[in-house]
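The letters A, B, C, D, E and F name the chains in turn, as written, and every chain counts its residues from 1.
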Amino acid sequence: MIINTVCIVLVLLGIIFFVGGAVGIVRFPDFYTRMHAAGKGDTMSVFMVLVGLAVYQLSDFTLANLLIAGKILFITIFIMWASPTSTHALIKAGLEEGQKVWTRNDKKETEDEQ
Amino acid sequence: MIWQFDLIILVFLVITAIISLQVKDLLAASMIYGVYSFLMCLLWAGMAAVDVAFTEAAVGAGVSSVFLIATVFRTSRRSSD
Amino acid sequence: MENFFVFAGIAIFALMLPILYRIIVGPTAIDRIVAVNVIGTKTTVLLVIIGMIFERVGMFVDFALTYALLNFIGSLAAARFFDRVNPAKSFTKSEIKEQEL
Amino acid sequence: MEFFEAISAKFNYWIYVIIMMIGLYAMIAKNNMVKKLIGMSIFQTAIILFYVSIGVKDGATIPILYHDQVHAGHHHDDHGDDAHHGSTDHHDTSHGGDHETDEFGYPTRHAPDVHIDGDGFANPLVHVLMLTAIVVGVSTLGVGLAITQKLHREFGTIEENEIHDLIKSGK
Amino acid sequence: MYRISIFLLLFGIWIVFSGQFDAFHLALGLISTALVTAISSDFFFADRSRGTGARIQEIVRIPWYLSWMLYQILLSNLHILKLALSPGDLPEVQPKLVRIKTGLKTDFAKWFLANSITLTPGTITIDIEGDELLIHSISEVTTTGVEDDAMERKIASVFERGNN
Amino acid sequence: MKSLALISVVITGWLLLSAVGDFPYWGDPNSPANSYRLSQHFVTETFHETAVPNMVTAVLADYRGYDTMFETVVIFTAGIAIISILRVFRSDDQVASGQTVYEKRPDLIVDTTCRLMIPIIQLFALYVIAHGHHSPGGGFQGGVIFGASFILIALSRDLQAAHKWVPENRVLNLAGIGILIYAGFGLVAMFLGQNFLDYAILHKVMPATPIEARYHSMLGVEIGVAFTVTAIMYSIYSNLVSKGTMKEGL
């Protein structure tokens, strides 16, 4: 019962973090800031959801289930390992492509011009 | 079979298929074809076809979009339609 | 508990909608690629959740792991594409001074 | 209402037709070779979707035996002979022909005590048919992409109408 | 020495993957691990001049650092959540490119620093060249945060304590 | 042209949709495909006859071994076709590289991550091949993942670096060896007096019962498939990315 509650809380927290990433991807003004939402809104939420599921898996405590929980943790490790690198590679690609960095001042100037 | 998931995925599938064919940028088209393949994998996992889903996961994430990107890199990126 | 997992899965699917919006309107190609990357991560989580619903997680973890390991290749290939098409720049030097100010 | 039920009970078939037609349209009408190939892949996955959705059973799990069943089988193997010698009569009556052996004295059935419910597992036949189709599909996609690159090497473009014009004008 | 430790490490990973403990599957595991060690053990541990003692010290210190890192990632996600859900035209979003210098020597430590910066609140490493890092920072708070070198000191205490 | 395509597509779609009414309901356990005797046999008897818990692997490698063998041959043929279409052997090739000579700037972050990840991907691929009997997986999936690890080497460094690990001729040899392994199992069975690819007879040359012989032969066959798929996936990538010159990859 306690394990079920822990699992539900962790998964719900993870989904809330997913909301942060998803809303950020829609609302943020330029490519770089969207990259912040995409690259980071995901790491913690994936961690929370998967740890919650691994905890649920352990409610029936056997060696096989322990190893499966270990594999689920492996998934988190690999995601947290690969995600910063792909974030870095993509943001560098964006800079090479010549994406403009949006700043507060730019926006004010364009508003003045209009 | 989880019918709630299946209904959602089937609608998403049609959307991604149409987008990947409508985008003018071939690089984006090949990446969106990757999303189509992710959704297909989820659909098969939901239909209890694990081995098929596993093959689709390995092929879709690992090689097929890379092949498309390689061709786009060696030919041209813009498409007329 | 199974109902909860179905609910969580539907919530994650619903959160794919904003990302699909970004894929549809995304002004540039690279915005779309970023969105694809995010959907890949969500797919990994959803696969584990589907495994939980079937109560056979041990079988489903394998290809969630495949996604975790291989999803990176697609983004990396796209990034390398931009790296090759645009001439190599040295960003830590003064070339982007004007953007920084 | 009847119409709605007819759609919802066979929703997967409707979607498979729609996806297949999207792919077919792309193969016919799109001008760009890479787009045509993406259309071909979409067509292919639509067919695979059709096959896999035929093999779905309500309430069936994935076509892999449960760990308990496999384990029970091995367990029986270890102790089966002792039980056989110990209480021959009882065993023979309950599992009449299960302990048949071939001419070399080997058992012809592995773990005869394991009962497998035919409706409890999804149909593996369609999965096998389609599994190889995916890998073969990616190889044929590769062949198509190679032909596209060859065209680009010859004509400098991958648009179909421009290639037609170049061929007509004698290059 | 390094090959043996890589073999043991990979075999540990295999055990977690496999979950089957009969002799046949363990033998397959030994063969597979030996094969991977033979063809690609060069990928692990680029710098092989370090002694065993220094390596063990690193391995002991890394989990402590990672737990701190996890806390930072939590903060980072809360930060993104707050920024994304703030009303109006996102007044706190003030992106800026920052350039910092690092004193870290080894490549692996630099990689660790770059990834840590990417995972912590509001900053992403764009490029790393020599000892200079180019960083994109999303708001005022994070800009000041990254210019402070607390994280670098922590990483230096993990990886380069033996050198200095 | 487009309107013509649209009309023909709509007509075809309408014809197919009009047939939808005759299909069984989705998930019907008594549909013809599910109640067919062969499907029932594969579900209920596979474990007793081959000792493999994963029915898909057993049907793939044993009951339908002939089919799978020639699917592997199709993959091999696709690899050969790509080489014969695209490969150029002239050293002073003007056609392919329109760009200037590319100087690769090593990216520290990507390079380090890939270095740490590649051995684990390879180990995972071998795990998938070896455990195809007990969990989803097998030769095709493991081969694709193993090929992807070579693609990752080529992406993170360059094509030449990957060629140092897997030279072109060795790749094709590997692909051929894979098919030979597969066909070899069938031929040995044939020489022992049984049908082609009937593994049960292999207990004469293996220390195993006929059922175990089928189990172990399936693993051997999967390894053969994995060889071919690995080699051909990498070969296709390296040809496509360099436009057949095997220089200057992505």
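As a convention for this text, a contact is a pair of C-beta atoms (placed from the backbone, for glycine too) under 8 Å apart; a residue touches a chain by one contact, two chains touch by 3 or more.
Bear in mind the structure is a predicted one, so any value in this text is a computation, not a measurement.
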Partner chains that chain B and chain D have in common: C, F
Most heavily contacting chain pair (counted by C-beta pairs in contact): D-F
Rounded Å distance between chain C and chain E, as computed from the means of their C-alpha atoms: 20
Inter-chain centre distance, chain A versus chain E - centres from mean C-alpha coordinates, in Å: 16
Geometric centre distance via CA averages, chain F-chain A, whole Å: 32
Rounded Å distance between chain D and chain E, as computed from the means of their C-alpha atoms: 39
For chain C, residues that touch 2 or more chains besides their own: 16, 33, 54, 58-59, 62-63, 65-66, 69-73, 76-81, 84, 91, 96, 99
Sequence positions of chain B contacting 2 or more other chains: 1, 48, 50-51, 53-55, 58-59, 62-63, 66-67, 69-74
Touching two or more other chains - residues of chain E: 13, 17, 19, 96-97, 114-115, 125-128
List of chain E residues in touch with chain F within their complex: 6, 10, 13-14, 17-18, 20, 25, 28-29, 32-33, 35-36, 39-41, 43-44, 46, 107-108, 110-111, 114-115, 125, 128
For the chain A and chain F complex, residues of the former touching the latter: 78, 81-82, 84-85, 88-89, 92
For the chain D and chain B complex, residues of the former touching the latter: 11-12, 15, 18-19, 22-23, 26, 30-32, 34-35, 37-39, 41-42, 45, 48-49, 52-53, 55-64, 122, 126-128, 130-131, 134-135, 137-138, 141-142, 145, 148-149, 152, 157-159
Residue ranges of chain E in contact with chain A within the complex: 13, 15-17, 19, 70, 73-74, 76-77, 80-81, 83-85, 90, 93-97, 114-115, 118-119, 122, 124-127, 136, 138
Chain B partner contacts - residues on chain F that touch it in the complex: 26-27, 54, 56-57, 96, 128, 136-138, 140-141, 144-145, 147-148, 151, 155, 233, 236-237, 240-243, 250
